[in-house]
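Common to both upcoming complexes is subunit A, partnered first by subunit B, then by subunit C.
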Partner chain A sequence: MVKQKTFEWSLERGDLLPLLMMLPTLLVILFVMVFPLVYGLLLSFFTIGFGGSLSPDSFVGLDNYLQFFTDPVAMKATLNTVLFSFGAIAGDFVLGTFVSLGLLKLRRSASVLIRPIVTMPLLVSPVVVGLIWRYIYDPKGILYYFLGKIGLGISNFPGVTAASTSLLSTIIAHWWQVTPFVIIVLTAGLLSIPEEYYEASKIDGAGPFRTFFQITLPQLLNVYVVIMLVSGVDTIKIFDLIFALTGGGPNNSSISLSIYAYSQAFEQSNLSYSIAISILTMLLTFCIFGIPFIKHNLSKGNR
Partner chain B sequence: MKHTRCSVKRNLLMIALLVLLVLFLLWTIIPIYIVVSNSFRKTIEMKVMPPKLIFEPIFSHYQKLLFFDRFAIYFRNSAIISISTTTFTILLGSMAAYGLKLCKSSIGRRISNVLLLGKMVPSITILIPLFMLMNRMHLTGTYLAPILTLSCLSLPFVTWLMTGFIADIPNELIESAGLEGCSRIGIFSRIIIPLLKPAIASAIILVMQSSWNELLFSLQLTNLKTYPLTVGIARYVGAVSVDWGKCSAAATITMVPIIIIGFFMQKYLVSGMTAGAVKG
Partner chain C sequence: MYEAYPLPGKSMNEVACLALGGVFAGGKTETSDPGKPNLLVSVWAGPHADLQKEVSSTFTKSAVTIDDVDYGSLKQKQLTSFQSVSGSGNYDVVWVNSQWMKEYTDAGYLLPIDGYLKAAGIDTSIYAKGLFDGCVFNGQTYGLPTFAQTMIIAYDSEAFEKAGLAVPKNADELIAVAKYFKERGTGIALPAKQGTAAVTLFSQLLFSDGGYYFDADGKLDIASDKAVQAAAIYDELVKYSVEGTLAWHHDEVAEAMRMKDAPIGLIMSGLANQNADPEKSLIVDTVKYAPLAGRSGIAAATNSFWVWAVAKNSANAQAAADYVMWMTSYDVEKKQTLADQQVSAINELSKDPEILAKAPFLPAVMQQLAAGKIDPPLANFGKLKAALVVSLSEIASSDSAPADVMKRLQADLQGVDFSK
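Our next item is the complex of A and B:
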C-alpha cells in the first residue's frame, strides 16, 4: 500500500528519475529471473522436450510433481540435500566459533597476518574445491597416507568410494571452503561485543566457559542467525562441489536436488520433470530459510 | 589457591585454542599447496607418498593445457565475462540504489530487502527455462548470455549493499549540493559515487569472485568459443580417468589469479562479507 503511494507521489509530479534509475536493474531481474520462473512454472504442468512448444495435448497437470513424491531417487536427493545443509552449517558453526575465539586471543597484528590465509578458500571456485578434494580422497592419495600412519585405512573411512561416507566427504570439503566465511563474520561480531561485559563477568568470577555461554553466545545470536540464512541458502542449492567431487555417486548416495534436476534435464531430457524438481527445490529453500529470512528482515524494518 | 587453578585452566584453554588455530591454518593451506605443487610435478612423482617437498619443477602440464586444450582461450573468456559482469553490476546496482534513495522514504530500503529474496531462487530453477529462452533468442554461446545472467545473480546483493551505504550519507550534504544548483544526476556522479568508493571496492571483489568461479549457468549458456575456465575444468572432471597433471594445472590457473586479486583487496572482501552478514 505504502509502496504505491510513494511512487504515485513521485509520478504525479512527472518525476520519472527514480524509476529510470531503477529500470535497468529491474529489467535484468525481470528477464533473467522473473520471466524464466513464470515460464518454468508453466512448463512444469506439461510434458515437453527441448525445442518443443506448448500444446494442449502435452498438458499433464500435476503429474510431474506427483512423480517426484513416488521417485525414490528424488526422495534420496531431498534427504541428502537437507542432510548436507544441516551437516555443513553445523560443522561450519562449531569449527568457525573455535577458530574465531582463538584468533581473538592473538594480537591484532598477528590476526591481520593470518587473514589472507584464512580467506583463501573463499576465493576458490567450488568446482576446483571439488577437484582438490577428489585428489585428496584418492585411495592412493595423501589422506590415506596420513591415515595409514595412525593405523587407519580405507576400510575405516572409505571416503568417496562408498555410499556410506560419500555425502560426509562432500560435507567435509564444504567445511574446508565455507568455515572461513563464518570465521570472518564471527570475528567482526566478537569485536563488536563491548569489553565491559567481559570485565563484569570476570569480576563475577565466571570462568571462560560460563563467560562464553552467558555473554558471547547470546550477544552473537543475531550474527549466527544471519550466517545461517546466508550460507544455508547456498547449501540447499549445492551443485558445483558435488558435481566435481562425486558427481552424485556412488549409486546416487551423494546426489543433491540440483544435481538430480540437472541430470534429468541435460542427460535424460526429462525437461518438465527436471523443472518440477527444481521448483520443489526452491520451495524447500523457501520453507527452511525464506520464511525466517523474511521474519528477520521485517523485525529489522520495525526497529 | 582457587585463583591459580583458574589461571592454569585459562592457560590450558589458550594453548588448546592456539594449537587448534595452527591445525586450522595447515588444514586450509595444505590442499591448495598440494594442487599448486602437483601442477609442476611429473605425473609419476604425484603418486610418491609422502610428497617430496623439493623437486624439479616441470611446465609440460601447462604447455599441454594452454596450447592443446584451449585454456588460453578459456582464460580470456573468464576474464571477459567476469570483468564485464562486475562493471555492469556495479553501474546498474549503484544507479538503482540512488533511484531507491530518491523515493524519499523507508520504502527504498524495503524494496532492496525484497530484491534480496532473489537469493532464495536456486540457480537450477531458472537455468532450464532461461536456457530455452536464450536458445530461442540465439543468445547461447554469446558473451552476453553469461554476463546478463551472472549480473542478475549479483544485482540484488550489490543494490542492497549500495542502498545501505547511500542511506549513511548525511541528507544535508545532498540538500546543500541541490541548493547550489547541482542537478540530481550531478549529485549522483559528483557526490554519491565518490562516497561509494568503499562499497564499490567490496562489490568489485565479491562480484568478480562469484562470476569468475560460477559453473552451473556457464555449463549450458556458453559454447566451445565462450567456455570459461570453470567449464574447462568440469569437462576434465567428467572423464573416467582424471589426468591429475592437467587437472592440477587447470585448477591452479583458475584459482591463483582470483586469490591474488583477493589478497590485494582483503580489506574490502572482509568488509563486504561482514556488511552482508552483520548489518543483516
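Our next item is the complex of A and C:
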C-alpha cells in the first residue's frame, strides 16, 4: 500500500511568499474593481439619487432591472448601441483591411510617410473627434462642400440633423477614428504571415481574392478576434463621440445605453436606475463579445 | 435622513472626484496668499468665466481659485465634490444653475446663509424677487442670484431694412418673418438640437401665452391647448429655420447670428454681448434686439439664472459666504455688467444709464424677466424635462403633429408623481 503524501504548509520554507507577493495586486483588484462593482450592484437594488441614503424604504429589489425591459427609451438605446457596435466594427474591419493591405503594397519610402498620417486620428480624443465631425457635418462644412460639387446637398444626406441618418453619421466618425487602430494591428498580423505561403499560392496560380480568402484571412483570424473584442467593448460603451456629435438625437435616434445611463444619473438624479442600465450594458457586452471570445479560445485549446 | 444614513463608500467618491477632476478639468486660476484662507470656487466655463477670475483676484479676504468647467460636465463635477470629505480639495463655493437648486438643497449639499447675511447686514430686497425666491427653500436662503438669462430675438437691422420688414411683435409675425427669409435661402436661427435649449424656447412660448406645465390643481397639463399651441409655433419656426439648426444648441445659434448666416435668431441673452465684439462678430453695428413674444404679444421668460452658494462640506464656510456676498454686491455686479453685459439680479442696475448704454438688449431681457416664471421645484420635474427634450426633438425632426406628440407625452407621464 502506497502512503499518500500530504502537503504541509511551512512558514520557514516560505510557502506563503507567493501569496504575499500577490497580495498588493489582489488588494488593488479588490478595491478598484471588485468593491465598486459590488457596491454598484447593491445600489441598483435601491432607488436613490446622488446624496441619497440606503434605507429599507428605498429598497426596490429588481424593480430597476424590470423597468429597463419595459422602458421604450432603454430598448431604443439598446438597439442603437448594438447597431452602432456592429456597424462600427464591420466598417473598421473592412476599411482597416483594405488600407493595411494597400499600405503593404506601397514602396517602403511611401509607406513610411503615409502610415503615420493615416494613424493620426487615433491620437485624437473622442470628444474632439465629435467636435471635428460636427464641423464636417455642418451645412457649411467640408462634407456638404464636396457633396455640392456633385450636385448633392443636405436634403440628400441630412447627416446628424435627421433621425434616419444620425446613427450612421456617428458610425462614420467612429470609423475615421478607430480604423487606424485596426490598421496598426492588422499590419503587424500581415507582416507575421510567412512569405512562403504567398509564393506557393502564386506558383499554384491563385489570384488576389483567392490568396486573401485562403491564406491572409485564416492567418489573421486571431487578430480579428482580438480586434473584435477590443472594439466591441469600446463600442458598446460608446458615449463621448455621440454625446459631442448628436447628444443622442434627433428624437433619440442615436441615443446609446451609456448616454441614457448618464442622463438618468446626472439629469434626472436617478442614480440607481442608471447603475442598473450600466450593469445590464456590461452583461450585454459579455453576451455579445465575451462568450464568443471564450468559445473561440476553448475551440483553439481543443485543437 | 442624509445625516442619519450617510452614503457609504465616501472614499470611492473622493477617488471619483479626483478622476473627474482630471478628465473634465477646465482652467484653474489661483490667487494664492499664504496668510489668507483658500477658497476653491466652481463656475461654468462660459464667456463670463475669465471676467469672474479677473474680478475674484481683487477679493482681499481670501485667496480664490476658480475652477471653470464646461457646462456639460459642471453638474457632475459639483455632485462629486459634494460627496467628498470636508477639506479634501472639495469646492467651497459653487455657481449653481437655478434649475439644480431644489435637487442640491434636498440632498443637503448647500449651506443656508441666512446667518451670514444677517451678520453682514445684507439687504436682500435689492435682488429681483422672482430670482431671489429661487434661492429660498423651506424658509432658508441657500445662495444669492446673479447672471439672469432669457431667450430674446436678435436681428440684423440692415437685412430687415433691405427687406422692408418690421420687427416681429408676436409669434405669428415671427413665423412670417422666418418664412420670408427661408424662401430667400436663409431663415431663422434657433436651437433645435435634442437638448434643454429647445425646452427653454418651448417654455417661453408657453409662458408668454399664459400657459404652464400643470393645471390649477397641480396636475400635469402638457397637452393643454396652450401647450399644443406653443409646440405648434416651435414646429413652424423649425420649418422656416436655417439649414442645420437641428444640430444647434445656444452657442451655434449665436455664432450663426454673429457670422451673418441668419438675419434673425433666438439667442440666449448671456451670449448677446459677443455680438458687439468686432473680433467675433460681423453684426456689431447692425444687430438689434426685441422681446420674444407668444401669439398674445406678451413676452415672458423661463427665468433662468445662476446662484452663488456655499457648499455644505466647505471647510471655510465664513470665508465662502463672504465671497458669495461680495460677488453679488452692487459694485462688483456693476463692474461685471459693464465689462461683459451680463444681466445682474439687482433691480437698480437695470436702470443704470451707464449700463443701458453698454447692453442694448437689457430692456428686452428685463421685460421678459418681469413677466417670467421659473420651473417648478419638484423632485420629478427632471423627468418631465427629459421627456420634453425628446418630444420637441421628434416635433422638430419628423412629420409628427405637435398635438399628437404632446398628447402622447401627457399619457406617458401619467404615472409620475408631480405633487412634491
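A few notes on this one:
The rule is short, and it goes like this: the second predicted complex is superposed on the first by the 261 of 303 C-alpha atoms of A that agree within 3 Å, B and C clash if a C-alpha of one lies under 4 Å from a C-alpha of the other, contacts with A are read in each partner's own complex, and residues count from 1 in each chain.
Basically, contacts are C-beta pairs under 8 Å (C-beta built on N, C-alpha and C of every residue); 3 or more make two chains touch, one makes a residue touch a chain.
The model shown is predicted, which means the values in this text are computed figures rather than measured ones.
When the shared chain is aligned, subunit B comes close enough to touch A:117, but subunit C does not.
In the superposition on chain A, contact of A:251 is made with subunit C only, not with subunit B. Of the two partner chains placed by the overlay, neither subunit B nor subunit C lies in contact with A:213. When the shared chain is aligned, subunit C comes close enough to touch A:137, but subunit B does not.
In the superposed model, A:269 makes contact with subunit C only, not with subunit B.
More residues of subunit A are touched by B (comparison of subunit B with subunit C). Applying the stated contact rule after C-alpha superposition, one finds that A:278 touches subunit B and leaves subunit C untouched.
Looking at the shared chain after the overlay, A:189 reaches subunit B, while subunit C stays out of its contact range. In the superposition on chain A, A:39 contacts both subunit B and subunit C. Subunit A residues in contact with subunit B (one complex) as well as with subunit C (other complex) are 35-36, 39, 50-51, 134, 140, 243, 247, 265-266.
Those residues of subunit A whose C-beta lies close enough to touch subunit C in the complex are 35-36, 39, 49-55, 73, 134, 137-140, 154, 158-163, 243, 246-253, 263, 265-269. If you check the complex, the residues on subunit B that touch subunit A are 6, 9-10, 13-14, 17-18, 20-21, 24-25, 27-29, 31-32, 34-35, 38, 47, 49-51, 92-93, 95-96, 98-100, 102-107, 109-111, 113, 115-130, 132-133, 135, 148-149, 151-152, 155-156, 159, 184-185, 188, 209, 212-216, 220, 229-230, 233-234, 237-238, 242, 244, 247-248, 251, 254-255, 258-259, 262-263, 266, 269-270, 273-274, 276-278, 280.
Considering their complex, residues 1-2, 4-9, 12, 72, 75-76, 79, 82-83, 103, 107-109, 193-195, 242-247, 261, 382-383, 385-386, 390, 393-394, 396-398 of subunit C touch subunit A.
Of all residues in subunit A, only 2-3, 6-7, 10, 17-22, 24-26, 28-29, 31-33, 35-37, 39-40, 43, 50-51, 95, 98-99, 101-103, 105-106, 114-128, 130-136, 140-142, 145, 176, 180-181, 184-185, 188-189, 192, 207-208, 222-223, 226-227, 230, 233, 236-237, 239-240, 243-244, 247, 257-258, 261-262, 265-266, 271, 274-275, 278-279, 281-282, 285-286, 289-290, 293-294, 296-297, 300-301 touch subunit B in the complex they form.
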